[in-house]
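Below are two complexes that have chain A in common, paired first with chain B and then with chain C.
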Partner chain A sequence: MFELKDATMIYDIEKEEMVYAMKNINLSFPDTGLIGIIGPSGSGKSTLMYTMSTLKKLTEGEILYNGESVINISDSKRQHLRRDEFGFVFQRHYLVPYMTAVENVILAANDSIAKSKEKARNLLLEIGLREKELNKKPGKLSGGQRQRIAIARAMMNDPKVLFADEPTASLDHENAFLVMKKLKEYSKNRLVIVITHDASIIKDADKVIEIWDGTIANIKESV
Partner chain B sequence: MKPFGALCFIKNNMLRCIVLAIMMGCVTVCYMGALYMDNISEPFWIRYNKKIDNAYVYKNTSNNGAIEEQKELGTHIEDYLTEHVNKYMYIDMIGFDFTSIMGFNNNMGFPVFESVEDYKEFRNHTSMFPKDLEVKDGELVVSRMYANNVGIKDGDTIIYNKNAGKCDRVDEHTVRTSFVRLYKGELKARIIDVDGMLCTGVSKDYDGNDGCLFFYGTGDDKDKIENDIKKISDEINGKFKNLRAENNKLSRDDLNTQIGFMYSVLGMIIVVVGAVIAITVNATYAATYEKRKYEFSIYKALGFKRREIISKITKETIILNITGILFGTVVCTISVAILNNLLYERGLHFYSISSNGIIATVICNALVVIPVILLSFKRTAKYDVTAY
Partner chain C sequence: MKANGKAKLSPWPYIKHNKRRMIALIISLSVFAVMLYAVCYVIDCTTKPFYEVELNKYDSENIVSIKYTDDSIKKDEKMTDEEYTKLFWDRVYENFEKDREKLKSVEHVDDVLMYKSGMLRFRSIMGEMSTPIFLFENTEDINTLFNHEKLKLIKGRMPQTRGEIVVDKKIADNQGDDLLNSLAEGYKVVGYVDSDKYISFGYAQENENNGWILFLTNQRTSVRKGLANLGIDVISCSDYYSEKRNLKNEVGSFEGVKMVFALVSNIVLSICIMVVLSLHISDRHNEWCLISSIGFAKIDIYVMALKELLVAFISGIILGIGLGYGCAELLDKLSMEPLGIHVSCLSIEGIKFAVIMIMVIFGLCQIPLFVNLNKVTTVDEIEE
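Up next, the complex of A and B:
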């Protein structure tokens, strides 16, 4: 599904001392499965996700999605990918504070409001929110509950690829494994890319890519 | 309600939106300013915004030259008349000082006729008085606004005072007059309900032809009468330096000259008020958008087009703006009604909707809203979920 060729991302390119967030990365991703990307802080994991999901542009190299480059695509194509093909869970969940849990989930939904609301409710309940929490605003919910809303929002449009940047960062261990179980199920017919620095939560991943200083240190495929 | 819709933000941020709407509604203060300005001249416009069908000639100075010129004009008046403007009469003039809505003292002359026949003749051929207004000998008819303003009560007897420029009422209160020419005897005041400043009377005690000279047309061709009146006025004004022939157009021109400066001041005030409100509202919006930067960033990340985000911001702004303007209009309407209620007894009130006020408000509002929308174009470009 995804193919990265010599993907390089340089921050502060105009300065004398350039910072390589990604350096000549060559990778390919399958159409389905749970892929874990692991590495310490500043290793380039998030940058990898941002470049693959069109949120950032590579400095050099190429990223192909279903055989087509995502580097110099038109705005409308990029918006189509982000809205219809990709789902995002960010480290900071980025929920809209004045919207309820359900409203946050249906924010970018493509279906009608009534249909989307029903789907959003089911998603939120499946992922562990309780009925009474569905109409609460993020400010009235815990960090874990907010993260679950963000995950439900990412799943709302049935994306082909779900990018999750530290999706369990604000969850306790029990809830973290619940979420990962859900993502594992979700990856049966989709590609789910989970970025984390906690190896324990991606023990069930189909493939684990280890990144150090912007380069691939190790790739481990499950048997 | 769509979560991405403009109304969702407004519904969920009611207090903040009310404050923003009230701030935007402050532009209607420009309406009040222009309404105030318009009402300086409104009493005049009611009289002057009519077809030119008469003119009056009065002495512009008090020196002997004026008297000589008046005599000369009287001798040769027939030479100035035309086929369409072929009537004239001598009349007295009376006019009391009145206070404008801005608190300035103003004056306006009104004719006092020698006989009821003269009054009717003049009334029937000109548009100065209502066609059904009857005036008896010895009567001074005064509009309620004018009477309230200058302090005349219904039934008052107005007596000429030897001290120039004064008229006495029989109850010994004095009203100041600006125009009293050769007036003798007394007039009994009758107050009528008509718009604006109006006053006229009939007195058989009028005793000379040294007052004002009125000339007017009698035919049906109003355009030709208007042209001839203008021509005659110009001729007289060109020839007699100490006399002044006045018609509605010249009065309007004078008024426009005087009021023009005040409107320039108003224009500057509108720009300043608009700029102050624009800066304040935009600063408040900037603070609001700073708080919402994560929201807009996630919209972009989720695949909303930039124009969709701008459209959302624009809709929110327009809804708040319309709400603010409606709120401001209600406040203005109530304020005008209260002010009119308080001022009416003093012979002052705001007359009608101010077109200049509407224009001023629209301009001021544009100064506030357009930067808000344009700045949102700039702001949306920099929202980036990966930057935080």
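Up next, the complex of A and C:
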């Protein structure tokens, strides 16, 4: 599904000491499965996710999605990819503070409001929110509950690829495994890319890519 | 990969969950609309009576001065002033009668009458004006005017003897006890008519010493050219067009006052609203960056923000005009009606004025909107 060819991302390119967030990465991703990307802070794992999902542009190299480049595409194609093909769980949730849990989930919805509302409710309940929390605003919910809303929002349009940046960061161990179980289930017919620095949560991943200083340190595939 | 244009961003969640902000914006706009509407109404109350009292009658009349005096009439030593005046005006009326059929041949003229003019006063909330009362020498001419203008006697009777007059009800209300002060002594009100043209008429007293020719026309016109074609020398001709020009010179300055008021208040309010709006939009920077990241274009965000603004502005305009109308009704009952000034509280001019001024603010609000939209990026850049 994804293919990265010599993907390089340099920060402060104008400065003398250039910072390589990604350096000549060559990778390919399958159409389905749970892929874990692991590495310490600043290793370039989030940059990898952002470049693959068209939020950031590579300095050099190529990223192909279903055989087509995602680097120099039109704005409308980029919007289509982000809205219909990809789902995002950001590290800091980015929930809209004045909207309820359900409204936050349907923010990205492509269907009619009535249909989306029903789907959003089901998604939130499946992922562990309680009925009475569905109409609460993020400010009234715990970090874990907010994280779950962000995950439900990412799943709302049934994306082909779900990018999740530290999806279990605000969850306790029990809930973290519950979310990972859901993502594993979700990856049966989609590609789910999970970025984390906690190896224990991606123990069931189909493939684990280890990144150090912007380069691939190790790739481990489950048997 | 095909662009998808299905679901749009809805303005309602923001409106629903930020009621206080929206209500504050709507109230500010509606107060401004009330101010504009009330200013228009007060200016209407000042200028409209001038236009109505002075102009309406010229929709079907021209007042003309033509020299019909006879230089051969000299005052005899034995004659009293009264006798001379009577002789003088008898001769003028005779001369006019000889010419009457010729005058009636002017295009759009139904009839021509000679009358003596008295003056009635009409007070507006700023200033006072004079309006003629048509004083005739016989009841036949009185009836001709009455029928031509399709007047309706709402109280009393028609004038039958010298000194009896019928006045417009609005003028009578407006002047109260001062009604007859501007006329020669001896006049008595015997009836009232109500007409949009503010017409008053009567039977002239013997001592009235002036004469005018009244052209009763079947449409708004000026008889000046027609009279010139007949070779008649016109000293003066008051018609709709000439009177409107005169009035514009006299009361046009009120329009200037209205515009200055609107401009100053508009600038002050625009600045306030733009500052408040900028703060509201800055609060939503992360939200808009998120929306942009999950695949919406900036135009989608702009349209959503525009809809939110439109809801506030349209609500503000409707509420403001409604309240403005209420204020006008109140002013009408408390101040205008006792003055005998009848101006419709529903001011189309006021509505247009308020809508245009508020839409100008709406236009100016695009500036903070564009500035902030320009700053919208994707969430990865906020995280950095």
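Please note the rule applied: the second predicted complex is superposed on the first by the 223 of 223 C-alpha atoms of A that agree within 3 Å, B and C clash if a C-alpha of one lies under 4 Å from a C-alpha of the other, contacts with A are read in each partner's own complex, and residues count from 1 in each chain.
One rule holds in what follows: contacts are C-beta pairs under 8 Å (C-beta built on N, C-alpha and C of every residue); 3 or more make two chains touch, one makes a residue touch a chain.
On a predicted model such as this, the values are computed, not experimentally measured, just so you know.
With chain A as the common reference for superposition, the partners chain B and chain C occupy clashing space. Contact with both chain B and chain C is seen for A:56 once the two complexes are overlaid on the shared chain.
Chain A is touched at more residues by one of its partners, and among chain B and chain C that partner is C. In the overlay built on the shared chain, the residue A:2 is in contact with neither chain B nor chain C. In the superposed model, A:103 makes contact with both chain B and chain C. When the two structures are aligned on the shared chain, A:88 is found in touch with chain B and with chain C. In the superposition on chain A, A:111 contacts chain C only, with no contact to chain B. In the superposition on chain A, A:75 contacts both chain B and chain C. Only one of the stretches 21-29, 93-101 or 147-155 belonging to chain C overlaps chain B in the superposed arrangement, and that stretch is 21-29. Residues 46, 50, 55-56, 75-76, 79-84, 86, 88, 90, 92, 94, 96-99, 103, 107-108, 113, 153 of chain A are contacted both by chain B in one complex and by chain C in the other. The part of chain A that touches chain B in the complex is made up of residues 46, 50, 55-56, 75-76, 79-84, 86, 88, 90, 92, 94-99, 103-104, 106-108, 113, 153.
Chain C contributes residues 1-4, 6-7, 9-10, 13-14, 17-18, 286-287, 289-291, 293-297, 378-380, 383 to its touches with chain A in the complex. Here chain A touches chain C in the complex through residues 46, 50, 55-56, 68, 73, 75-77, 79-86, 88, 90-92, 94, 96-99, 103, 107-113, 116, 137, 153, going by the rule given at the top. The part of chain B that touches chain A in the complex is made up of residues 1-4, 8-9, 12-13, 294-295, 297-299, 301-306, 384-386, 388.
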